[in-house]
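In the part that follows, the structures are each spelled out as structure tokens.
Next come two complexes built around chain A: one with chain B, the other with chain C.
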Partner chain A sequence: MTVNITEQIQEKAREILSSGQVELIIGYQRASDGVTARPAFIRKAENVAKLIFDQTCTHNLAKYAIEHRGKSMAIVAKACDTFGINVLIQENQIIREKTYVIGVNCPGVVEVSFGQVGDKLQYRCQICQEHAPAVYDYVAGDPVEEKPLGFDPYIKVKVLEALSQEERIAFWEKHFERCIRCYACRNACPQCYCTECVVEQIDPDWVGIPIQVPEKQIFHVIRAFHLAGRCIGCNECERSCPVGIPLSLMNMKFSQDVEDQFGYKPGRDPEVCAPLATYQPDENLGIGG
Partner chain B sequence: MSLDYEPRIIGFLCNWCAFAGADLAGTTRTGYPSNIRIIRVPCSGRVDPLLILKAYQQGADAVLIAGCHPGDCHYVQGNYFARRRFALLRQFLDYLGIEKERLRLEWVSASEGRKFARLVKEMTEEVSRLGPRKDTVRRPVKVATE
Partner chain C sequence: MARIGIFLCHCGTNIAGVVNISQVREAVKDIPQVVLVEESKYMCSEMGQGGIREAIEKNKLDRVIISACSPRMHENTFRKTVADAGLNPYLLEIANVREQDSWVHADDKEAATEKAIALTRTAVAKALLNQPLTPKRVGLTKRALVIGGGIAGIQAALDIANAGHPVVLVEREPTIGGRMAQLDKTFPTLDCSSCILTPRMVEANQHPNITIFTYSEVMSVSGFVGNFKVQIRQKARHVDSVKCTGCGICWQKCPDLVPSEFDTGLGGRKIIYVPFAQAIPNVPVIDMPNCRYVKHLEAAKEGKKLPPCRICEKLCPTGAIDWEQEDQVLTEDFGAIVVATGFKPFDYGRYTEFGAGKYPDVIGLLQLERLLSASGPTNGELKRPSDGAHPKTVVFLSCIGSRDERMGKPYCSKVCCMVMAKQAILLKDHDPEIQPYVFYIDVRAGGKDYEEFYQRSQREQGVLWLRGRVSKLYQDNGKVIVMGEDSLMGRPVEIAADLVVMATGMEANDGAVDLAQTLHISYDTHGFMVEAHPKLRPLETNTDGIFLAGTVSGPRDIPETVAQGSGVAAKVLGLFSKDELATDPTVAYVDAMRCTGCFLCAEVCPYGAIDKEPSRDGRLLAKVNESLCKGCGLCVAGCRGNCINLRGFTNQQVIEEIMALCR
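Presenting the complex of A and B:
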């Protein structure tokens, strides 16, 4: 199966690259450590053999689509990555006609770190219920059987919600204290593309320079809020965090609330308006009176 | 919590309804607690979550956002967007440990001076009961130098 997907992707990539349909293929190649994967940018048909796909291909390549916006390109995208591409199309960041999506029926990716490949699926893949790409021009791989989950995908959020206020404050303080404000979470996120980020603005100086808990907490709340109704749960932020802050717990809280209140899941259909960009005049959200 | 604890409430009032309502409370001499510090904004839809967090960081005990009633927005739909935004933010801040009572979104029309006074009174009592904030979005207030 692994060989199968790789071959399919290579064949398709060679075809569209040599026909001149696209000028760039964004895919995966084997990293220098020999076991994990890294993003690959292929411009010549003879380099297509570098492309791979297996369960170590964890990156969300939609991020690189923004950097190459305007070019005709092809992206190798797992199911969750196609949601990210959909959000970018919805927000007019990339042009659908110029983007060739090589969708992959994704069996889930395993936990990886430099030089090491685990055999356990990543948490986001354990709770994944949509393995087929949402937007594609070509699909590689066999359809993955959708099995009922058997537990609540937001169980981790619910557990934290059930704690007392003091425990929650202590929990988050413990994590925010470790943050070094490297902004890797923001940089890795395919949905964060502002040219000037609000946390780096100097005038007005919304988020101060000190690397202290209040500033770090404001940064994290704003980062999470800017992803409310947009986060597709690819978990690149948490994976790229050098100090291991559970950022997914913040993103999933918003995903859960958006799903409960507005019945919306981002990235499934670019034609449906995002929840915070629309409204119902007579809705009751338990606020305003 | 000391007995002389006085909560500080920051009020973001929309220019067209709530601010005029607060004005009316003043001109009709309807008394309300002086714990609220009012900031006039063009619309409740203008209030960015960042403003609220900044208020908390600078030591506010609670934040009130007041705008026009649904359907009355000067900009037609600003308050509807605000409603969705703060419904989410309120739940999220509660998740991080800032109680839901510390963030309120209310509709106050230009003729509702009494409602405004009642709201401020209610909120001051509620926040006094809760006491000072226990979470970590706070740092010592520094006086800005121009």
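Presenting the complex of A and C:
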């Protein structure tokens, strides 16, 4: 099956590159370790043979689409990646007409690290219930059968919620202590595309420069708020964190709240206005009397 | 180095009675860059203001802090004061130590003093970052749009037009006139409603400065005060109004009759019709869904045959019938908009205990107006709907859809008590044998000559006013049995009535909420449009250049409605007396170096003030339309990357204020 998707992608890529429909293909190629995948930028038809797709293709390539906005490009996107693409279309960061989406019916990706390929599906893929791309011009791979989960996708959040406030503060403090403020999480996130992130601004200096727990906590809280109703759960942030902070827990908490309150999941339809950016006169959030 | 002057107002004892002013003076006098602290009993008095001006000049102050009442009260006063002394008015900062302090913390003087110090300190911190700002000037179109051709709209249009400015009057129905055209006589003088209304309608129609678009609606509104762009849809009448002479042959000969909206369903009208004899314009419309020719065309599509009719077309002497006519959309420029779209009567069918609108001899106030009117469906002969008999016992039920939480209508509709008194007197007039009864909660007769009028209905006309509620109505043998109670006598009452009249209250008109949203103005939970201030700015909305007149903002009678129509004209004329408008400089601005063009700001801006402007690399970035922006700051709070800021209230200033509080 993997062979199949790779071939389909290569064939499509060759076709649209040689016809001049796009000038760039953003996809995956084998990494230097010989076993995992890394992003590939293919500009010539003779190089499309480099493209691969298999269960090591973990990156959300939507991030790269922002850098190349304005160009006519094609992007290989798993189902969850297409949600990110939709959010970027909704927020005017990429132009739908110029972006050829090679969607993949994604069987899920496995845990990977440099030189190592695990045999377990990543957690986000274990809880995934939408394996088909939400936006595409072409789809590779056979449709994946959606099976009932059998457990609550937000179970990890619920476990954390069950703790007392003190325990939760202690939990996060323990993690944030280790954060080195490298901003890898933010830089990997396709939804963090600000020209100058507020945590790096100096006038006003919203977040002080020290690498201390309060500053780091504020950074992460700001980011979580900025991602509320926009995070599509690709988990790039957590995967790129060098010290292993479980950022997904924070994002999932917000996703759960937004879904509960507004029945909204980001990136499914770019035409639907994001709930935190709009107001319905008849909406009742249980605030006030 | 700035040179800051602080002025502490006592506001008589309003502030000084709670806040220890000398303690505040001590606490703020040594703040760096403060060169002077002064007090006054009334800072807003001529003497107080004079003191400020003098101090600015003498001490070369370049920042002024006034610790006084809310900026909503005297910001404009003090801005003028400092401007008179040569200082840019936006270098002034007001600390609200009255509404936000002395008034609400009168029980804890020590804490109030502490808070006054804190508020004054934050004002100093903010003022240090204030920048001189200058208003921009824009031109304006001296042409008014009046939406709604009831008496409110007609009055406003006439007054504006008489002052020499062009007015466009847009009315949804085929004629202007509104509800007043449907009334028989009007309280408390009992003059005939159409006799006083129709001259105004004619005057508006003949006025060289007034253009009337009937059968038309406002589709969209963009722009801002002085410079609105409005799309108006003129629905197809299917009659060419240039050719039509209003001879009336068509509506005399049209073969079909449907219930007349104007006669509240009690009489009939033709398919091609004018709503009433004095309609303006006197040009009919064809009610297409009910027209035989349209039905013929539709049947033909399904292969069936129906007679094509087209009698109107055959008989029209000028060939004015136009089956091909289509809706027209006009785009027009206006400087001001008056909303006068009126009300509608409450639907009494919602009261199941009163027959849910199913008993023919239970009617509403407006229906009785039509039955009493000489131009009504019975030519003024009082006949009840079921069998045409002359009723002898008529019972009124007050507060139907008013003062009734159950119906979601807690408010009083204001006119119904007087309408009941009027109609009861008119019933007696028609037939002295009629005995009117009125069940009421209490009688509200506030208004010139109103109480006398109500008394007259009792004393001279023998109308029986019963205090109490009616619990149930049912039909029995040609009568409507009214089961109520007389709460003054403390006993149940049962009356076998020939006719029962529901004193239906006033509701927001159909489409009012949609229109408010199109205009970007506020409306309340009942759909009435909201004034900028209920007492001091009753004719303005929160959007500059858009005004309200008449029952669109709440129940009122004709005198009040007409007064509002004239009042609103004064507001519009005030606006049109200027050749340029100054825009408030405290608006948002975008940092184009940072903006990512996500347009979250545009999504959250309630005033549509964010434009999309191409940057050098072709991407669209946000740009604030300074004439539209109200400086509400929502975009500033919304923008994730802090790329948009508010002049006179920057993020930096807010942070400085917080820092000052924490020090």
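Rule of thumb we're sticking to: the second predicted complex is superposed on the first by the 284 of 289 C-alpha atoms of A that agree within 3 Å, B and C clash if a C-alpha of one lies under 4 Å from a C-alpha of the other, contacts with A are read in each partner's own complex, and residues count from 1 in each chain.
Note that in this section a residue touches a chain if its C-beta (ideal position, glycine included) is under 8 Å from a C-beta of that chain, and two chains touch if they have at least 3 such contacts.
Keep in mind that this is a model prediction, so the values were computed, not measured.
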item: Simultaneous placement of chain C and chain B on chain A, clash or fit; value: clash
item: Dominant toucher of chain A (residue count), chain B or chain C; value: B
item: Partner chain in contact with A:Pro275 - chain B first, chain C second, else both or neither; value: first
item: Partner chain in contact with A:Gly70 - chain B first, chain C second, else both or neither; value: second
item: Contacts of A:Val213 with chain B and chain C, given as first, second, both or neither; value: first
item: Partner chain in contact with A:Ala224 - chain B first, chain C second, else both or neither; value: first
item: Which of chain B and chain C A:Val258 touches, first, second, both or neither; value: first
item: Chain B versus chain C as contact partner of A:Trp172, first or second or both or neither; value: first
item: Touching partner for A:Ala49 - first (chain B), second (chain C), both, neither; value: neither
item: Which superposed partner A:Ile180 touches (first chain B, second chain C, both, neither); value: neither
item: Touching partner for A:Glu161 - first (chain B), second (chain C), both, neither; value: first
item: Steric overlap of chain B with chain C in the superposed model, located at which of 7-15, 25-33, 61-69 or 133-141; value: 25-33
item: Shared chain A contacts, counted only where both chain B and chain C touch the same residue; value: 198, 206, 277
item: Chain A contact footprint on chain C (complex, rising order); value: 593-600, 603-604, 617-620, 638, 640-643, 651-652, 655
item: For the chain B and chain A complex, residues of the former touching the latter; value: 49-50, 53-54, 57, 70-71, 77, 79-81, 83-93, 95-97, 99, 104-107, 134-139
item: Touch list for chain A against partner chain B, complex; value: 157, 160-161, 165-166, 168-169, 172-173, 176, 198, 206, 210, 212-215, 217-218, 221-222, 224-225, 228-229, 250, 253-254, 257-258, 261-262, 275-277, 279-283, 285-289
item: Interfacial residue positions of chain A with respect to chain C in the complex; value: 69-70, 91-93, 193-198, 201, 203-204, 206, 226, 273-274, 277-278
